[in-house]
Amino acid sequence: MFYHIQSLINPIVEDEPDPSAANALQEGLGGQFGEMRTMMQFLFQSFNFRGDGIPYLDLIQGIGVEEISHVELITKTISRLLDGSPRYQGKKFDTPGKGGEAPLEVGKEAQNPHHFIVGAQGALPVDAAGNPWSGSYVHNHGNLVLDLMDNLVLEATGRTQKCRIYQMSSNKTLRATVSFLIARDEAHQMAFAKALETLGIDWAKALPIPKFDATKYPEVKKLMDAGIHREAYHFRLDSSLMENIFSGSAPTNDGTELVTLKEPKTSYPIPMAPERPEEFAPGLDPEMQKLADALSEFKQKTVKEMTKKAGPDSSKLK
Amino acid sequence: MFYHIQSLINPIVEDEPDPSAANALQEGLGGQFGEMRTMMQFLFQSFNFRGDGIPYLDLIQGIGVEEISHVELITKTISRLLDGSPRYQGKKFDTPGKGGEAPLEVGKEAQNPHHFIVGAQGALPVDAAGNPWSGSYVHNHGNLVLDLMDNLVLEATGRTQKCRIYQMSSNKTLRATVSFLIARDEAHQMAFAKALETLGIDWAKALPIPKFDATKYPEVKKLMDAGIHREAYHFRLDSSLMENIFSGSAPTNDGTELVTLKEPKTSYPIPMAPERPEEFAPGLDPEMQKLADALSEFKQKTVKEMTKKAGPDSSKLK
Amino acid sequence: MFYHIQSLINPIVEDEPDPSAANALQEGLGGQFGEMRTMMQFLFQSFNFRGDGIPYLDLIQGIGVEEISHVELITKTISRLLDGSPRYQGKKFDTPGKGGEAPLEVGKEAQNPHHFIVGAQGALPVDAAGNPWSGSYVHNHGNLVLDLMDNLVLEATGRTQKCRIYQMSSNKTLRATVSFLIARDEAHQMAFAKALETLGIDWAKALPIPKFDATKYPEVKKLMDAGIHREAYHFRLDSSLMENIFSGSAPTNDGTELVTLKEPKTSYPIPMAPERPEEFAPGLDPEMQKLADALSEFKQKTVKEMTKKAGPDSSKLK
Amino acid sequence: MFYHIQSLINPIVEDEPDPSAANALQEGLGGQFGEMRTMMQFLFQSFNFRGDGIPYLDLIQGIGVEEISHVELITKTISRLLDGSPRYQGKKFDTPGKGGEAPLEVGKEAQNPHHFIVGAQGALPVDAAGNPWSGSYVHNHGNLVLDLMDNLVLEATGRTQKCRIYQMSSNKTLRATVSFLIARDEAHQMAFAKALETLGIDWAKALPIPKFDATKYPEVKKLMDAGIHREAYHFRLDSSLMENIFSGSAPTNDGTELVTLKEPKTSYPIPMAPERPEEFAPGLDPEMQKLADALSEFKQKTVKEMTKKAGPDSSKLK
Amino acid sequence: MFYHIQSLINPIVEDEPDPSAANALQEGLGGQFGEMRTMMQFLFQSFNFRGDGIPYLDLIQGIGVEEISHVELITKTISRLLDGSPRYQGKKFDTPGKGGEAPLEVGKEAQNPHHFIVGAQGALPVDAAGNPWSGSYVHNHGNLVLDLMDNLVLEATGRTQKCRIYQMSSNKTLRATVSFLIARDEAHQMAFAKALETLGIDWAKALPIPKFDATKYPEVKKLMDAGIHREAYHFRLDSSLMENIFSGSAPTNDGTELVTLKEPKTSYPIPMAPERPEEFAPGLDPEMQKLADALSEFKQKTVKEMTKKAGPDSSKLK
Amino acid sequence: MFYHIQSLINPIVEDEPDPSAANALQEGLGGQFGEMRTMMQFLFQSFNFRGDGIPYLDLIQGIGVEEISHVELITKTISRLLDGSPRYQGKKFDTPGKGGEAPLEVGKEAQNPHHFIVGAQGALPVDAAGNPWSGSYVHNHGNLVLDLMDNLVLEATGRTQKCRIYQMSSNKTLRATVSFLIARDEAHQMAFAKALETLGIDWAKALPIPKFDATKYPEVKKLMDAGIHREAYHFRLDSSLMENIFSGSAPTNDGTELVTLKEPKTSYPIPMAPERPEEFAPGLDPEMQKLADALSEFKQKTVKEMTKKAGPDSSKLK
C-alpha cells in the first residue's frame, strides 16, 4: 500500500519558460528509458517477485517507489518550463482570444503542439518525439539475474540520455532536475550492479555508464559532493532489507561507499501552478468559482501551512 | 514524495489457478479503463493541477495514490491465478523439461501465451486482448470540470467492466479482488460526482453506473455492508483537504453518507509467490543461491515479522 | 454532405450465434484490408482529390460512400453472431450474476474477450487478432495512377480474405454477409481496374483476384446471377459521372458488362438488437426506463412503420 | 445505407496557406478527440445499439452522420491550408525539381513532413503530433447512460481543443472551419446533455464546456446569432425520432431553445483543388491526360452545373 | 552489401503440423526479444558504429548477419508447423469450399486467426500475442559499453524464452529449431560477454542465462556436443576481425574455448512448401499456370540441382 | 543463409550536415513505404513462398537481398547528414558540456530530437514523423498475383516519395543516395511489372510511377545513362533463375532492355564515422580505450586494407 506527502524530492529552480527544453525532457518522463518505465518496471518486478530473496525484492521495490517521486518531479519541471511560454496577459475571467486575437500562436510552432492543444501546458505521458508511452517498455522476465541486468541497462541508458539533455540547454529549471536525475541514475546503477556483485560479477572500471567526469557539470558536482549518487532510499514505513545489498564499497571500485537511508535528507515545497485562462485551465467561470471557493474557507490558511511544512529545511515525518 | 508498506489493500483469497480468468482480469489492470490508467490519469492530473482549488487537487491525488495499491493488488491476483497452472512438479534445482518433457504445454494454448513465455506466470502491463497499455489512455485536459467528468466516466466504465468480469468465473481468488474493485469504483464514482455536485450538477438517480442491485453479489454485499463503497482514503502522511468534498450525502441521492479516512481500516499480508523452476524464476543455481542466501541471515526471522506486522488484524502505522 | 436511411444493403440471415466466426469477421471490419479502411481510404482520396478528373473522383468517392454501408452491415452481422452466445436467461431488470452465478463464463474463453468485457457483445473497431484499426492503413498518395493501383490491391486483398473466411464456418449469418462482400469486392476490383484501363492498361486474364470459380459458393452464385458483381452504385443525391468509367466491357475480359446505378435495387430492414442484461446494455433500471419511455409515446407505431418502409420489397426513395 | 451530395456543410474561406495551422487542425481531424473519432464512435454506438429506445438511437446516429460531413469539411480545410505552401511555380507537365532545384525545401522543415512526402499536401488521418488515428479511441460501452456521458465528455473535449486552436492563428481559412466546429460541438454537447436530462440529471450552469463567452470570437458570434449552436440535423431520408429528445429548453439553463432540422439551412460549394506537379499529383503525363480527358467530354459543362447546384444559395434536395 | 545462398543454417525436421506451437514460436520471430529484433538491432548498431574499434564492429555485425539466417530458419519452421493443419484434401485447381464446405474451420479457432486469414499458413512479423513487430524494439544507444550490455540482455532473454517454448511441445519440427536457437543464443551471450570482458568485467559464474544444465534437453545436447554453443561465424566474404574478440576461454569460466569460423560447417536444404489451394496460394489458375510454366523449362532440373547442391553434406562455397 | 562484404552499393558523397534532410530521409528508411519494409516484405514473401515457381521466388528474394544493402546505404547517409551537425569541438576524452556549456543545443530544436537523445546522431528505425516502423507494414498475402501487384505499388510509392524528398534539399549527400534509390526503385518496378507481364498484363504507358522525365535530375540522369534503372542483381552465391523473368523488353514499352547481373558492377568504400564525445559515443574512457586497443594491434593495417579492397574500382569477389 502506498502513501504520499505533498513535497518534492528535489527543488524546482526558477528560470524562463523554454518549451523546446520541456519537450526534450519528455524523453526522461515518457520515453522508452524514462521515469515512467523505471517506475513501472521496478513495481511490476516487485509485485511479481518469486522466491524468498527479500533483500533483492526490497531493493527493486524501494527504487520503484522512488521513481514515482521522480515522475512527480519531472512532470512539475515540464509544466514549469511550458508555463507562461505564450506569455498571455489576460486576466482570470477574460475570454482568451477575444476580438479574434491569437495569444497561443507560439503553440502551433512548438516541438509538440499537444502541449498546447491536448494538455494545458502541462506534462504528457509521451516521449520527445510525441509517441505515447507503451506497456511494452516494461521488462519483467522473472529470472532474477536477467531482471537485474535489464535494470542496470535501463538505468545506464537513462543516465546517458539525461547527460545528452543536460547539454541541450542552460535553462536552470531544466538543469536542476536533469542534474538530480543524473546523480540518482548513477546511484541506481550502483544498486543493480551491487546486487549482481553479490552473485559474483566484478564490474572492474566499466561503471558508471556513461564513463566521464560528471563533476564537470557544476549542478551535478554539488549533488555528488553531498553524496546523492551513493545513497539509496527505501521509502518503507514498516521496514526494509535493502541495506543488506546496498552498503559497503561501490561497484565502481573507486573507494566510495554505499549508504541506505529511509528517505532523502531534505524534501522541498511544491510550487503552485498558476491558472492559464488561454487554456481554459482550470476554467471555472465566476459562478462556479464561487461554489468551489465555498468548499475552502480555510484554503489560504491551509496552503500556507503546507508550504511551511514541506519547506527546504523541513524536518521529515518520523 | 511517495512511501510504501508491504501490505495489501484487500486480501488474496485462495483457490485453484485459472489462467483464463487471469487473462480477463488483465483488462482491469492494463486495459484502457483499468487501474494502470486510473493511477496514471489521476497522478498526471494532480501533478499538472492549476490554480488554488486544493480540495479538488487533494481529492484527485488521493484517489490516484490509492490506485497504485490497486495495481499492486491486481498484479498479485493475476500472478496467483496463473501460479501453478501448468502444475509442474519439478524440484528447485531440477532442469525443467529434462529428457524432452513438455511441462509448459498448457502455456501454448493459453489466452495470452505471453503469460508463460514473456513473463514467469505473472501479471503483464497489457489488456485482455494482449495489447500493451498506452500513454494515450491518460486524459488530462487541464479544465477542471472536464477532467472531473472524464474521471467519472472512467470509474463508471471500470465498474461496468468489472461487473462483467465478475460473471465470467466463480473462482474465489478472482472474485475477491473484483468485488473489492466494484465497491471501490463505486466509491470513486461518488468522489467525482460529488465534486461536480459542488459545482451545481444534480445526478438524480443516474448513479452508480451500471445501475443494478450489487448486493446480489455476495462478496460485494459484504464489502458494502462494511461501508467500503462510501469511503475515501487520502493516504497523506502530512494532511489533506479531501474531506471538504468527500463528506455529506452521497450523489446517488439514496440517503447514504460519504466518509473520508486517512487509510483503509485494515490491511492484509502479501503472500509470498513460490519459485517456478519451469520458468527459470528466479532461476538461481545452487552456487548463486548460496551467495544470495549469505545476504540474508535474518531472512526467516524477517519474513515472519513482516507477515505478523501486516496481518489481517494488524494495527496500522500512525 | 452525407445522408442516411435506416436500411441495410444486404439482409441479415438468422442462424445460431458463433463468437469465433464473429471474431474472424472482425478482420473484414477492422483489419488492415477491411471495410473501415476501404471506407476511409476512398473518402480521404476523394476529399483530397486534385485536378479536374471528375469521373475518377466520382468513382472513388461513390465506392467510399458504399463502404460506409458495408461497415454498417458488417457490424450488424458481428453483433448478431455474438448476440446471445452466452445464452443468458435472465429477465430485463434482474441482476445478472445474482447469488454468485457466472453467466458470462464463455466470454473469458472467447477468441477476443473484449467482445464481452469492453463491448456489450457488439462489433469492435479491431481486427481478428485484436489489434485496433490504425490510421496508417489509409493510403492516399495523391498520384492518381498510384492511388488507383493501391485501391485495386486493397479490393483484391479484401476479396481474398473474405474467401478464406467463407471457408471457416457454414454459419448462415456469417455466410450471407461474407458472400455479399465477395461479390461487391469483385465489383470494386472491376471499378479500379476499369479506371486503369482508361489509362491504357490491359488486364488480360489476371482478374479477379483470387482467380477461381466463385459460383461454386452457392450464396455467392445467387448474387452473381443477379449481377451484383458487375454493378456500381454512386449513392449521389445530386449527380455523378461515375458511369463515364464504370460501363462497357468488364476488365476481366470475359464478355460481361458493367452497369452503374444510383443505388442497389433493394434494401433490407435492420433487425433490432435485444437488450442484454448480463452486459448492462442498455442498462436502464425501472425508474430510468420510465423516463426514457415517456419520450416515445409513438414508439411501437414508429418501429412498425420503419420496418415496413425498409422491407425487402421496399420501393426506394426517389 | 448512406448517401452523399457534393456540397460542404460550411464554406471554405480563402486566405494564405499556413502549414503549421494545417498541422494544428489535424488534431481536430485525426486526434483522440477529433472528428474521425466522433464519427466512428457515434456510428459504432448506433450500429451496436441494443433495445428499443429509438429516439436515443436516432439522436446518436444523426450526429454520427453529421460527423462524416465534418471530416469532409476539415480535410478540405487542411488541404487548402497546405495548398501552395511551397509556392512552386512549375507548369502542369514540367518536371518539378528539374536541373537540381529544390522547390519542396519548405517541406522538410514542416511540423509534419508527411504532409509533403506521404500525402500530396492533403489531410492525413493523424493527429497534430503525427500519431495515426487508432480504433482504440472509439468508446462503445453498450450501457446507454455511460455511452451518453462518454459522448458528452468527447464533445466537450473537442470544443475545448478547438477553442485552443482558434487562438493559434488568425488565418481566415482556419478560423472559418474552427469557429463552425466550436458552434457545432456546443450543439452536440446540448444533444447528449439533453438526453441525460431525460434520465433525470440537471446540469445547472456547468455547460457548455469550456465555460466562457464564445460570442467574443467574431466568427463564432455570427454562427451563434444564426442559432447554429442550438440546432440538430438528423440527415435522414426516411424519418427520425431525434426531435423527441432534441427540443425544448437547452440544458445550459440559459433560456435558449433546441431545434431539430432535417439538414442545415444552407450548403456550400466544394472548391476544386489545383494539381500540384511538385507532388506528382495527380501526375498524369500528356499521353495519359489525353486518355483521361476522352472520358469527360461533358466535363466543363458538368463541373459548372455542379458548382451552380451546390452554391451558397442552393435550394436543398427534398 | 549482402549475399545469399538458398540453404538453411539448421535442418527442418519433419513432424505433424501444430498451429499452436507455430504461434508460440512467433515470439521467437517477431517478439520484442525475437530474431527480427536481434537482426535489426545488431545491423543498426553496426551501420551506425562510431570510432575505429573494428573488432567490436565486426563482432556485432557478424552476429547481425547470422540473425538474418535465423529469421529465414524460423519463418520456414513456422510455415511448416502451420502447413496442412486444416488437412484440406482438394486438388490444385479445385475451388476450395465448393458447395458450401468449410475446410478452414480450424482456422477460426486458431491462437492467431491471421495465420489463416491474412497469411497463407505462413509466418507473420508479429509476436505470440499477435502484436506487430515494432521499430521501438531496436536499441542502439551509440555508447559501446551500453550497447554491448543491451545485446547481452537481449540474447539472454531470447534464450530464456526459447527454453520456455521448448517445454511447450514435443513436436520435432518445433524442437529442432528451438534447440538450435538455444545453443546459438548461448554462443551470442558468449560473444557480448567476451567483448565486455576485454573491457575488464569478470562474469564469474553468472552465465549463461538462464543458468541450468541444457544438456538435459536431448536435441540441445547433440548440438552442444558438436560445439555449436561456442562457435561464432563472421559470414564475411572479404575478411573480419571478429576473432580478435571471439577466441580464448569462454566467459562462463567453465574451461570451454571460443572458436570463430567463416560460416557453419554444414548447411541444409530448404524444403519446398506445397501449394495450399484453400488459401489461394499461389493461386494461379490453369491459364496463368501455363504462362508461368513457360518461364521455367529447366525447372525440374534446376530444383533437383539446387537440392543436391545445398544438401546436408554439401561442401560450402569457398 | 546470408553473407556480407564491408562495401556500399552506392558511394556516400561529402557535403555539409543537414539534420532536417536526415529526418526527411528517415521516411525512405523506416517509413511505411521505406527500405525496411521492402526488405522485410520481399524476404517474408520468399521465405513463405509456396509452389514451384522458382523464377518468381528468385526474383522476389533477390530484390529482398538488395534491399538489405539499401538499408545499409540509407542508414550511413542519415548518419552522415546528422554527423557533426551540432559542430561540437571537444576532444576525445573531454567532458562534453563541461562547466555548464550546452553544445547539443541544436538537438532540442531538431525535427526529431531522438536523433540526439536516443541515438548518437545515427539513423533510427522510424519514419519522418517519428513513428517507429511496424510489422504491420509487411504484406505477404500468399497469392502470387496479389503479392506481385502489392510489390509494384510498394516500389511505385517508394519512388514517388523519394522524388519528393529529392526536391527538399540540394544537399549532395542526400541527393546522391536519393537519386540512386529513384533509379533502383524504377528497376524494381520493372521487375514486378515484368513478372505480371508473364501472366498476361500489358502495362501500356502507365510505368514508371511517377511518370515524368527523371533525366532532368542531373544525379539521376548519370545513373540512368549507366543503365542502373534497367538492371537487376540476384546476389546469389549459388545460382538464380531471376533472369528467366528479368530480361527482354522493359514493361515501360519504351524500347529499353532488362539485364540481370549477379551484383552491381562497382562497390564503394564505407567511410568510418568519427567518434562523437558529446553523445558519449563510443564513450570509452582512456583506461577502457587502452584495453580495447590491445585487441587491435593490426588495426591500422587492417583498415587500410579494407578500404583498398572495397574501393570504387574494386574488382568484385568471384
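Here the chain labels run A, B, C, D, E and F in written order, and each chain numbers its own residues starting at 1.
Just so we're on the same page, contacts are C-beta pairs under 8 Å (C-beta built on N, C-alpha and C of every residue); 3 or more make two chains touch, one makes a residue touch a chain.
Note that this is a predicted model, so its numbers are computed, not measured.
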{"item": "Both-way neighbours, i.e. chains that touch chain C and touch chain A", "value": "B, D, E, F"}
{"item": "When chain D is superposed on chain F by its C-alpha atoms, the rotation angle in degrees, nearest 5", "value": "120"}
{"item": "Chain A and chain F, separation of their C-alpha mean positions in angstrom", "value": "39"}
{"item": "Computed distance of Cα centres, chain F from chain B, in Å", "value": "48"}
{"item": "Residues of chain E engaged with two or more neighbouring chains", "value": "32, 118, 126, 130-132, 134, 136, 141, 143, 145-146, 160, 199-200, 205-206, 209-211, 279-280, 283-284, 288"}
{"item": "Overall pattern in which the protein chains touch one another (line/ring/star/complete/other)", "value": "other"}
{"item": "Chains grouped in pairs wherever the two touch, ordered by label", "value": "A-B, A-D, A-E, A-F, B-C, B-D, B-E, C-D, C-E, C-F, D-F, E-F"}
{"item": "Contacting residues of chain B [partner chain A, same complex]", "value": "1-9, 30, 36, 40, 43-44, 47-56, 61-62, 65-66, 68-69, 71-72, 75-76, 79, 118-126, 132-136, 138, 140-146, 198-200, 235-239, 241, 244-245, 263-264, 267, 272-276, 279-284, 288, 291-292, 294-296, 298-299, 302-303, 305-306, 309-310, 317"}
{"item": "Complex contacts: residues of chain C adjacent to chain F", "value": "32, 131, 134, 136, 139, 141, 143, 145-146, 149-150, 152-153, 156-157, 160, 196, 199-206, 209-211"}
{"item": "Interface residues, chain E side, partner chain C - complex", "value": "95-105, 107-109, 112-114, 116-118, 126, 130-132, 278-280, 283-285, 287-288"}
{"item": "Interfacial residue positions of chain B with respect to chain C in the complex", "value": "20-21, 23-24, 27, 31-32, 111, 127-131, 160-161, 163-170, 175, 205-206, 209-214, 216-219"}
